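Note that the chains take the letters A, B, C, D, E and F in the order they are written out, and that residue 1 is the start of every chain.
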Amino acid sequence: MRPSGRAFDALRDIKITRHFTKHAEGSVLISCGDTQVLCTASVEDKVPPFLRGKGQGWLTAEYSMLPRATRERVAREAAQGRIGGRTHEIQRLIGRSLRSVINLQALGERTIWVDCDVLQADGGTRTTSITGAFVAVADALMVLRQRGAIKQSPLKDFLAAVSVGMVDGQAVLDLDYAEDSRAEVDMNVVMTGAGQFIELQGTAEGAPFSMEQMLAMTQLARQGIETLIAEQRAALGMS
Amino acid sequence: MRPSGRAFDALRDIKITRHFTKHAEGSVLISCGDTQVLCTASVEDKVPPFLRGKGQGWLTAEYSMLPRATRERVAREAAQGRIGGRTHEIQRLIGRSLRSVINLQALGERTIWVDCDVLQADGGTRTTSITGAFVAVADALMVLRQRGAIKQSPLKDFLAAVSVGMVDGQAVLDLDYAEDSRAEVDMNVVMTGAGQFIELQGTAEGAPFSMEQMLAMTQLARQGIETLIAEQRAALGMS
Amino acid sequence: MRPSGRAFDALRDIKITRHFTKHAEGSVLISCGDTQVLCTASVEDKVPPFLRGKGQGWLTAEYSMLPRATRERVAREAAQGRIGGRTHEIQRLIGRSLRSVINLQALGERTIWVDCDVLQADGGTRTTSITGAFVAVADALMVLRQRGAIKQSPLKDFLAAVSVGMVDGQAVLDLDYAEDSRAEVDMNVVMTGAGQFIELQGTAEGAPFSMEQMLAMTQLARQGIETLIAEQRAALGMS
Amino acid sequence: MRPSGRAFDALRDIKITRHFTKHAEGSVLISCGDTQVLCTASVEDKVPPFLRGKGQGWLTAEYSMLPRATRERVAREAAQGRIGGRTHEIQRLIGRSLRSVINLQALGERTIWVDCDVLQADGGTRTTSITGAFVAVADALMVLRQRGAIKQSPLKDFLAAVSVGMVDGQAVLDLDYAEDSRAEVDMNVVMTGAGQFIELQGTAEGAPFSMEQMLAMTQLARQGIETLIAEQRAALGMS
Amino acid sequence: MRPSGRAFDALRDIKITRHFTKHAEGSVLISCGDTQVLCTASVEDKVPPFLRGKGQGWLTAEYSMLPRATRERVAREAAQGRIGGRTHEIQRLIGRSLRSVINLQALGERTIWVDCDVLQADGGTRTTSITGAFVAVADALMVLRQRGAIKQSPLKDFLAAVSVGMVDGQAVLDLDYAEDSRAEVDMNVVMTGAGQFIELQGTAEGAPFSMEQMLAMTQLARQGIETLIAEQRAALGMS
Amino acid sequence: MRPSGRAFDALRDIKITRHFTKHAEGSVLISCGDTQVLCTASVEDKVPPFLRGKGQGWLTAEYSMLPRATRERVAREAAQGRIGGRTHEIQRLIGRSLRSVINLQALGERTIWVDCDVLQADGGTRTTSITGAFVAVADALMVLRQRGAIKQSPLKDFLAAVSVGMVDGQAVLDLDYAEDSRAEVDMNVVMTGAGQFIELQGTAEGAPFSMEQMLAMTQLARQGIETLIAEQRAALGMS
């Protein structure tokens, strides 16, 4: 029995609110259970120095938690004067994942800045960020098309992410904080709408895992991501 | 005629939502027109080094804007590795103002961390932060009383803040971004429930101001703050 | 009775020494009682990136205290690797104030760097900095005119600053450290030669203040600033 | 045909030199083809603050590349004043992996500092670091046993890592730089002597990957790691 | 003929003003020609961590130039967030030199902070700092004796410093900026009252130097330092 | 008798290995006894901003110790976010020394980056770095000539460095750590093949030193450097 009472293969409730703030080209508040992330996508009409003049665009992501998104208040990275390793790891993951479904040539020489700010954390903030950021990016690209800046959508496929893990020897889907803090294995999976892997990051927290466990977890993740992508479609009015 | 169509002495719509996030002892989402700030108050059971063993508490404030709270995306201070002058100025103002209405002896040896994170900016973010943070602090102090940690409320009075300014030679209340960016004078006023000044910061942006203009602006501010404090009372169920 | 024996409306002794060091276009040592600040104005023939090509100039200010300007030695900000909030607040105030009396178009595409370094501190370092820096800037602008770089003086008016406060319920002018550390209210006022406000920053340190107290303090400040501007005129040989 | 002429399932030549430098408790120079990493393990008789008094030890890892370990010189992170995201990601991976095979209770209240400094880079520096660091840690633990500081070895199992990837649609083992820079998928696998996963990090660089491809890659990785562990055993005189 | 008209073995005019500022235990304004340095010595009743409980004291030095001490304004190190190599080199030299003539056991568990702030620079700022700082330290130690904190003076000898160099093939004493910027060799010498070396730092700026030139320069330095120490004695009323 | 059993004028064993790593234009592993430094010279086809368009080149040096090159592990400067004073001092010395024997005009508008990374430290790391870096630079310049980028070698002379000191009243050559830590005087000497000084840095660690001692030490250094230059010639195949 999971602490939340969910079945081993059940996601938490998802809610995707588009246009949550008014300035950003894409602005999505996503909640997966008690995890809430504000994802914005901002368009800038230039690219980083290493891409100048190459006729292609870029997407970069930043991730942050509000100091009291968590049980205990965590010091701001700005106050400490540097970004920690966990944050670096997460924002690199978000950026890499989203770039994998964007045709950067079709985007033209512009940068999409994705900002994922966690308002409330209850496990799965990095995967929730990816799922929400995809919708914000889709909205920003629609704005670019409406402005006539691009002819066709640079999106190659849908993209969503979910965490899976081994808890008490059982593979479970979409861990909340209570489960995450005692899982033996923690795995984050990012997949496309076509059901293929973009990222797969499994970590033995308490015990090594076998090939069979790995397969069971990825199987669960695939199912969860199918549901998440259906929610994205619905939110974007494409279902 | 003001850009928003408001009368010269009219506030924007205020909305105060308590318990917006679940972990913080006090968590308030405040909106003044399109300006939205998430204010949390977190209690820590220790004080900074300079107060250890003195039998009194402390309150400190941090302020930040999400990168796309604004028209143009602004780089994160964490990414730049340092906090800018404007942020320093604002968080010092918020902390000083709130400390002025708290009996720090009655608080005991604990620190209240106030975090004001601007989700959407449309002028007046520092004054809105103070008005919202006061309610978050009041909630956090109530939690402390319910836990039996303190006997009586350390709050000495209510506290709210508003901006006033001279726009086209006219004193106006509660400037939004459109007015703020072309005001001749910008003034932020923090007052108590008893109608006394805590902070008064007037800056000639475009033209020096006279004693008479200063009086007209502070008069408007006093009225506005009365209304804001009535809203705080209502939100706290004390009206 | 004030600790210094001064009347409630008496300034400390002022001394303004021009050409204190030889390299800067303007170099002024100002003392107000035991507070001593070396103010230099340096001209650079370029402007910050945000102003390039706009045909106007800029003025920016930096403020620092020598480590042992104070009773207790204070660590250098360079050694700590970052500038603190108080310094940011002060240098923003100095720069904003001085810019308000300079016609930046008439200055042309050049920057005036104002450096205020406190050699000895005894209260009122930020206001003394502004009063001294104005003279240094006037000298630097004279050098520019002598070089033929500008046709007419970009100065629109004189500018000086003073602190006032409430001490034991009495409004007093020009607080020294002994008074400043126990004042109920601390207010810094910046005014032009025409007697109009440029900046007004009042802070309740120990108790909120009323409209009447605020008026009494600004009244005292206005008188003090008239005297300070007379001293500036005398130093510049314009009286 | 691979650029190096190797078969799809062939590792590069491995060389493990123990006691490469004299001061560290464990000091190993490992080369996998042209990738050379100096791995040291240093013992410190205290633990980080979050573990004090808990009767257990800790292991932490740092990773760095000498500026000219690479084709183009890369600026030192010390000169830039901050550690980049890639370095953070790698040193977190190394530390987490090694901790997973150490019984931290048996280690006692001491910290093992693992330093992996890449002298020459030709792909696979993070996996080579893990494989070499394991041997350095084993040496350091032997020193602790010889000193009588610990009774039994805290090592729970062997540990090694290798990269696998999809290149031109073919799963290949142990990518060098030439392959790594054009791989469609890049996967790093860390496994124990018992053949179980500790970490699995797969990234679609150029194209998403299927479940079948993922299985082919992990299968190759398992074989490679068996060989690497045999090399570790031989180097430690345990084969 | 030297640019200043001085003989090859002539020092510039020296002026040593004690008690220049009021808060520091030792406060000396020293000028050597147009080079002016404010040297303060501050006493703190604790030692750095590495000396705690060892029954001895410490002396540490910091050096800085005001931004416009020089011909061209130089950016503040505080504003840049880090101390440059030249500053590090100089403050290490000052601290090391002064420690060499202090009996740190006799000082007891306290630290002397020496601050050398260059108000105006015209060559020889590091040597002038050492010569002036010695007097400030002597004053601070006298204050400690008057307070009864120490029984006898921890000073072991006098100490002064001077620059010498090769200019147009001629060894010259006490270079000003005009000479320094075109010298072939630049040498800084620190000596005791007994005429022995504490530091000797010679650098070939334009051409290597021979043993004979080195001897000629050190000979000149010794004479100059004798005169400087006579000036220190006079300033301290010991001649 | 020296701890190592060497005669007072004996160098430690020198070993110079060229082409130690494959990417750098010059890559030398040098060992002087147990001190081992990897010195690389990298060519970049641009110069720092202050030299652009002046038709000359530049050479800059960086120095670092691997964390466990020393008896006790030393924290990485990258992890601390800043470079310490000792490192600054050393890398300035290395760069200055090497530039003194290079004709920067003949180098053309390119920069040579010298990196000295200490793999193992046993005294004399800065002088060993200079001696090794000279060979790496010579190799890099040969590569430039082979590429046809420069016509003639910009090298003006050979260059090597050694430490000397006073230990127990005796001048000794090439101090190892055991001697260095108890020397009364520590002196680093950099000389050309022609036997002239480039740098001379003598520091009284425990006692001031006389003119005679200084001469004895520089005499020893000259002999040592002659031998070191012979080793460089041999390594470069020029003997």
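Note that a residue touches a chain if its C-beta (ideal position, glycine included) is under 8 Å from a C-beta of that chain, and two chains touch if they have at least 3 such contacts.
None of these values were measured; they are calculated from a predicted model.
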Maximum centroid distance from subunit E, chain identifier (CA atoms): A
Same or different contact residues where subunit D meets its copy subunit A, judged by the half mark: same
Rotation in the CA alignment of subunit D with subunit E, degrees, nearest 5: 120
A-D, B-C or A-B - pair sharing over half of the D-F contact pairs: A-B
Whole-Å gap between the CA centroids of subunit A and subunit E: 59
Separation of subunit C from subunit E, taking each centre as the mean of its C-alpha atoms, in whole Å: 33
Centroid spacing, where centroids are CA-atom means, of subunit E and subunit F in whole angstrom: 28
Whole-Å gap between the CA centroids of subunit B and subunit E: 51
Contacts with 2+ other chains: residues of subunit F: 81-82
Ordered ring members, subunit E first, subunit F second: E, F, D, A, B, C
In the complex, subunit D residues that touch subunit A: 82, 84-86, 88-89, 91-92, 96, 100, 157, 187, 191-192, 194, 196-204, 208-211, 214, 218, 222
Subunit D partner contacts - residues on subunit F that touch it in the complex: 21-24, 27, 34, 36, 38, 40, 42, 44, 62, 64, 66-71, 73, 76-79, 81-83, 113, 115, 117, 119-120
